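Same chain, two partners: subunit A is paired with subunit B first, then with subunit C.
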Partner chain A sequence: MTKLADNVNPNVYDKGSEREKTSEDYNEDIEDLFDEREIFDLIRNINDPEHPLTLEELRVVEESNIKVDNKDNTVVVSFTPTIPHCSMATLIGLSIRVRLLRALPSRFKVTVEVSEGSHVSEHAVNKQLADKERIAAALENKNLVQIINQCIATV
Partner chain B sequence: MTSAWFKPELAELIINHGDIFNETHSIIADIVSGHLDIADLVENMAGVLTNKEPENREKGMRFYTKILKELPRDYLNDMQVKFISKFYIDRLKDNHRVVPPVIEGYSVLIDMSEYNIQNCTDFLTILFREVTCQSQTRQDRYNIYVIIQKLCNKDIEYLKSLGSDFVYGVITAMDGERDPRNLVFLFEFLQNFIKIFPLGHLAEEMFDVISCYFPIDFHPSNDDPAAVTREDLANSLAPCLCAIPEFADSCIILLIEKLDSNLRLAKIDSLKLLIESCKTFTPQSYSPFLRALWSSLNREMSHKTDDELKTTAHEALGALVAKMASTANTDQDFENFLKGVIISAQSTIADATTVAQFVKGTKILLTAANASNQSCASITRAMVPATVAYYELKTAPKLQIASLDFIGDLYEIANKKGLLDEVKAQITNVPQICLSAVSQTSKEFQMAGFKTLIRVQECLGEDLVLPFVEVLIYNVQHAQDNDLLGISVETIHVIARKYPELIMDLVVKGKCSIDNISQDKIAFQKRLNVLTNLASIDDFTKVIIEEMLKIITANDPEALHVVEALSGSISMASVFTIEKVTQIESDHGLIDPVLDWLYKEISSSSPDALAHGYTLIANTIGSLPPEKQENILIKHTPLALERCKQDDIYFLIIECLYTPLHQIVYNSKFEEIMTVSLQVALKSDKDVVRTKACVLIAHLLNKAEHGQKFELLYEMLKTQLASCNRGDEKLCPRLIQLYGWITKSLLMRGSDVFLFWLQKIVGILATPQYCTHGSEAIKLIMNENTDYLNRKQHCRISLLYKQRMFETFSVLTEKIKSNLSAETKESYLLSWAYVLDKAPKTVLKNEANKVAPIVIDCLEYDNKDMLQVSLDVLCHFVQSNPTAVSDSLQTILPRLIALSKYMKSMDVRIKSLECLYDIANTFRTSTLLPYKQDVLLDLAPSLDDKKRLVRNVAVRARSRWFLVGAPGEEKPN
Partner chain C sequence: MPNLELLQTLSGHKGIVWNVSWHPQGKIFASCGEDKTIKLWSKEGQDWTIKTVLVDGHQRTIREVAWSPCGNYLASASFDATTAIWDKKSGQFECNATLEGHENEVKSVAWSPSGQLLATCGRDKSVWVWEVAGDDEYECESVLNVHNQDVKKVAWHPSLDILASASYDNTVKLYKEDPADNDWSCIATLQSHESTVWSLTFDKTGERLATCSDDRTVKIWKEYKPNNQEGVIVTDRESVWKCVCTLSGYHTRCIYDVAWCHHTGLLATASGDDIIRIFKESEDSDPNAPTFELICTKLNAHSQDVNCVKWNPTGNKELLSCSDDGEIKIWNFSE
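Moving on to the complex of A and B:
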């Protein structure tokens, strides 16, 4: 049985350019701090669970919705589901979380939440995503891990 | 005469003893030699052929068929064939068990040279009446098809005379065929069959039978030995469906229906069928369906993610437009269709908010324009003014730039089709748009404007030259960006070819005039670059070169810049051809003034500052024919040698005179030059001069003619080097460097004597005192230097010399491998690294077992170059030949992880992380799993590396390792 996607024909946006490499990037002596763009680059290419499109192309994640604080070691990512009743919101949030869990140094405290007012059950989703135990439990579920791995495999 | 086949007992034998089947060759021998008549043989078989049991009759027929198969094809005469044919036809009516050998046997019979085509009438009638093809086994069905094909090949006209009964028989026989192999055969056969046989009222029937396979839905099993792929089937089916114009209606309806299906493959197959059908169907047959076809095509072309579908849809549109265009003058349909395409594309373009959407619309138009002259003219006429207007609407910058590109593309297609005259009125405005684009300050606009202008150069009007030149000259003097500078110079060049007089006045004698020095030096240098570039155009050569030579002769302070600009331009082969340089030298004499200038400056300036002068002379001499080169040598050698005796800095002049010579140039001075070079190479205090001397020696050795001349030089070299004092500590490093150059030169020449010198160098690798110099020499041999020993300087470069070096080196090092100390080991491995770095990767792959341990050894040393090369090679092995390193994973992984924290070089960190990624990507999950947890833990610190580039690779590697053996990993094992 093939389930039809929630949002069959989403708007597709242009992909941004790759981060330009500056001479500072090649200078061994300069320390590059984590910035919003770097976090964005980590998650922009995550695949949407429903479409063969990336979160960037669907504008689920945007650079302006990411906050990084190197001093306090915090990263806050808010994402915007394509439609307010998207049933995949939790899954997308979970994918972003797992991706950052694997790709960021452990010193950072990562918060992933739905942008304010973009989803009907915003609070429920945010609560789920903030609950460490529920995340850990979700990652015990083989089927779920498989879907998440497929979403983030190509990054 | 005791053999069984001479007696009636043969029948008994066939029934009860299978062994007789193995003796048919003896029977054939008897028949051919005339001992046995085939009629007698059949008589002897009577018992089995007319046996009551069908099982036995089958055996009998099988035996008979086997005999027929093994008989020479020309043995049977007309009567015999006729007789046997009758017999076989009769047998078709027999029990179903008997039929397979009968069919097989008849197939053989057709091959007999005396087979008369008239025999087949009865056969076919009985076959179609008595045998239900589709209830036979796969092989028997195949045999029936083969028989039909063979008969067609034998006498097509006779079969045609059989009329529609035959065609009907064929259709019935294949109706319902399911086996893919048979289908491929049938489709191939039918492509011609349908074209040749008049189908008459059976056309519809035929189409129904084959169209039920469309679109092919077939999934071959993986272990099929004679695999038929879906593509094979689809590719052979399509030509059948559109083999004759009579199929047109049904075929087009079918493909439109399938285009609307949800299956991706159905769409792709339908599009391919549409493309194929354009070869046979008439334009009129498409007319009623154009609207439906266009709406489907348009939908597929606007697909967002499926590129294959999109490309195929474009191809289909192209084919359709080309087809319809053939009726352009007689029918309204084409025009209406094209109008529809243009309007729909225009609305896509007008609605576009992103470049992707814009390009979607333009791409459709370009495809349609590319398909035929008529469509190209209509689209250019409609779209160029529309796009110009669109540009002026000032939507988004990105879209404006895209619209410029689109105009350029359209123009190019029109130009290619020779339609420029027809659309002249529309395209005259284009340069104006380019001008408004280049007048913007943003780099993107300027680049796009110049690019388009270069494409539409033909229609640039005289009145626009001045404003363009204003912008260009400003760019040339002030642009910081290399891309922009490059394209500006190119644009001036293009305009100059079209309007030489204007550019002469405006640029050469106007804004860029050499006399106009007052401004800052950098702008002056850039103007000189433009001028030297323009000098390659015939109209400008004289004026510019003479001006410049004047400056050089007068020894102005600017001479240095002029020489630099000249040298830069002349070395670009794309701008200055060899003929052009030769012409400049013979018309204006470039070498003499530059040499004079060098003589004056040499004592006061540093060698680096004059390097451009030497390069200019070398490049110019290199472009001249051999006789001219000889003249120059005769003229200048004596003075240069004279001066060189006083101060070896003058050797640089000798070097630039003698390195670029042709191979056949040789004069009496060569020996003296060789002696001087050797002295300088070993004794001079200046590094540059010593290196140049080595280069010259290498060039002389490389280019000397085979035989006497080479022997003479080589012996001289050997005796003079033999007399050197090996104890001199200062001399030894210089000698080793010279050995390197000699080896390189001989190796590239393809001469075997290089071995002698390479042995010396390898020997040095084992000595603690000089081993580092030895590895430097190896580096020199392997490195490609663009300035020396290249084709432009007429050197011999033998094929695969690097491979030869690799092989020889690995043999030679076998000897010293055992007695290496800790000190020499590093140089030894470093030399290996240099060799591996440049050796062709395919060679390494063959020698993996030998190379892999060396590479793994290298990973332990703290030497940046060596680590980079060995990581490179290791990555290569992991990707292309994983078995070579799979046993050493236990050693490799910890070393790579240690290197991922190598503080001295981020390149090493990046490389080692990439290698870890490749390992996770290529090796079997079972091999990797034991290391997974350790690697994941050890990679965590790299995520916090201070360099972002390293972090990116670390993330990639670690994420990949997370997937090892995890659900959702896409890996075949």
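Moving on to the complex of A and C:
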């Protein structure tokens, strides 16, 4: 790497355990709604763009910062950059968004934002991540898509 | 009961359909989107069908299409930084001019009422005014750098060469040419929205403007000319635009488009909550504090975000809409 990471020595946390499967999970007669844990499982193994670590290991994403509403078809993911001036925040948000865009049914309205108070440019980053036109344009940039695909290749 | 009746669902595009545009005679319309194609639709018997597909004009998403007032030209704005002008002088539609100059994504294109001017805007924060200089020739008249974030939409006054633009910087700006030096400049900044302004539409008089935003409101602005009888103070001999009405509490997500019908006065909105809404001005509406009533809510108008709504220019109450779900729908509104 030519450039030093923003946060060269981030705190690393243990991974959580796998979701416990209950008999209900195998019962075909019970409708499996999306829940926070399922969304978390979709994004926990996304790679950090700067470290060979997952977003879960850096506690950038946590199950408690995810909200799912199956009635309104909304998913809200708040993520926490490891440092408040993280220049990768938008890229991390974009990776989460792309991962969910590809994995969830299109009926879901997905909101990805930095958690409150966790970033110096919180408002600007959130506004950018909420602008679907900018996202659509960004996803036509081959280099950027390549980087995002690397981040989410491990999921 | 006011009702929006679905006449037809049109599939054909792959991916997001960003925009639709009625031909001025209302018998043809164009659509464009993520699949980098433009489709021209017209009616065969009772059904709308694709008549022509224009390909190879753009390398990336086509964000907007606009027919010239004479109906002979179609302009298309693309994320590939260019605006293409199509016509069928040769018998079939071809791209005969390409407007280059924006640094990156062009997001909107609009013809002036005379058809002699074109405006474009984009992510590079600029608004360009182009003059039709001759057959397939377009000259840049002005580059207006007054927004400080990307510019989402441009729209012309219905009868004068006054241009309006909406931006990610939460403002709307108006421009006109100074006849003394032929220079275009910003004559008003409309500030009140709390997030990105996605679209705007003049009423038939051009003295009112409706804007819609990510802040989930629609705002109505009224022009107060110099020496107006209401006594609104006007400086610099330019009109003042005031927000006279805010429609809030209706939309639950971003509002991507608003269309003001020049025949019926009805306002239609396209929202990220998948709903098309129709508003009507109250009978006893005060011009300086107008009231609008929500008279129709079409839930699940599309299965994803509604990106655009357009009233048929003939005033027959047909409404076109298009969506992230890849579909175009044609509706009939009845009261």
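Note that the second predicted complex is superposed on the first by the 154 of 155 C-alpha atoms of A that agree within 3 Å, B and C clash if a C-alpha of one lies under 4 Å from a C-alpha of the other, contacts with A are read in each partner's own complex, and residues count from 1 in each chain.
Just so we're on the same page, a contact is a pair of C-beta atoms (placed from the backbone, for glycine too) under 8 Å apart; a residue touches a chain by one contact, two chains touch by 3 or more.
What you see is a predicted model; the values in this text were computed from it and never measured.
Enquirer: After the overlay on subunit A, what do you see for subunit B versus subunit C, clash or fit?
Expert: fit
Enquirer: With the two structures laid over each other on chain A, which partner does A:D131 touch: subunit B (first), subunit C (second), both, or neither?
Expert: Only subunit C is touched by A:D131; subunit B is not.
Enquirer: Under the superposition described above, what is the C-alpha centre angle at subunit A formed with subunit B and subunit C, rounded in steps of 10 degrees?
Expert: Computed from the C-alpha centres, it is 140 degrees.
Enquirer: Who wins on subunit A residues touched, subunit B or subunit C?
Expert: B
Enquirer: Between subunit B (first) and subunit C (second), which does A:E140 come into contact with in this model arrangement: first, second, both, or neither?
Expert: Touch status of A:E140: second partner only.
Enquirer: If we overlay the two complexes on their shared chain A, which of subunit B and subunit C does A:R107 touch? Say first, second, both or neither.
Expert: After superposition on chain A, A:R107 lies in contact with both partners, subunit B and subunit C.
Enquirer: Could you say whether A:E20 touches subunit B, subunit C, both of them, or neither, answering first, second, both or neither?
Expert: neither
Enquirer: In Å, how small is the closest CA gap from subunit B to subunit C once the two complexes are overlaid?
Expert: After superposing on chain A, subunit B and subunit C come no closer than 10 Å at C-alpha.
Enquirer: Do any residues of subunit A touch both subunit B and subunit C, and if so, which are they?
Expert: In subunit A, residues 106-107 are touched by subunit B and also by subunit C.
Enquirer: Under the stated contact criterion, what part of subunit A meets subunit C in this complex?
Expert: 106-107, 109, 127, 130-134, 136-137, 140
Enquirer: Can you name the residues of subunit B that touch subunit A in the complex?
Expert: Per the touch definition, subunit B meets subunit A at residues 304-305, 354-356, 905-906, 940-941, 943-944, 946-949, 951-952, 955, 958-959, 962-963, 966-970.
Enquirer: Spell out the residues on subunit C that touch subunit A in their complex, using ranges where they run on.
Expert: 16, 34, 60-61, 63, 79, 104-105, 107, 123, 150, 152, 168, 195-196, 214, 253-254, 272, 303-305, 324-325
Enquirer: Which residues of subunit A touch subunit B in their complex?
Expert: Touch residues, subunit A against subunit B: 12-14, 21, 25-26, 28, 31-32, 38, 41-42, 51-53, 99, 102-107, 142-143, 145-150, 152-153, 155.
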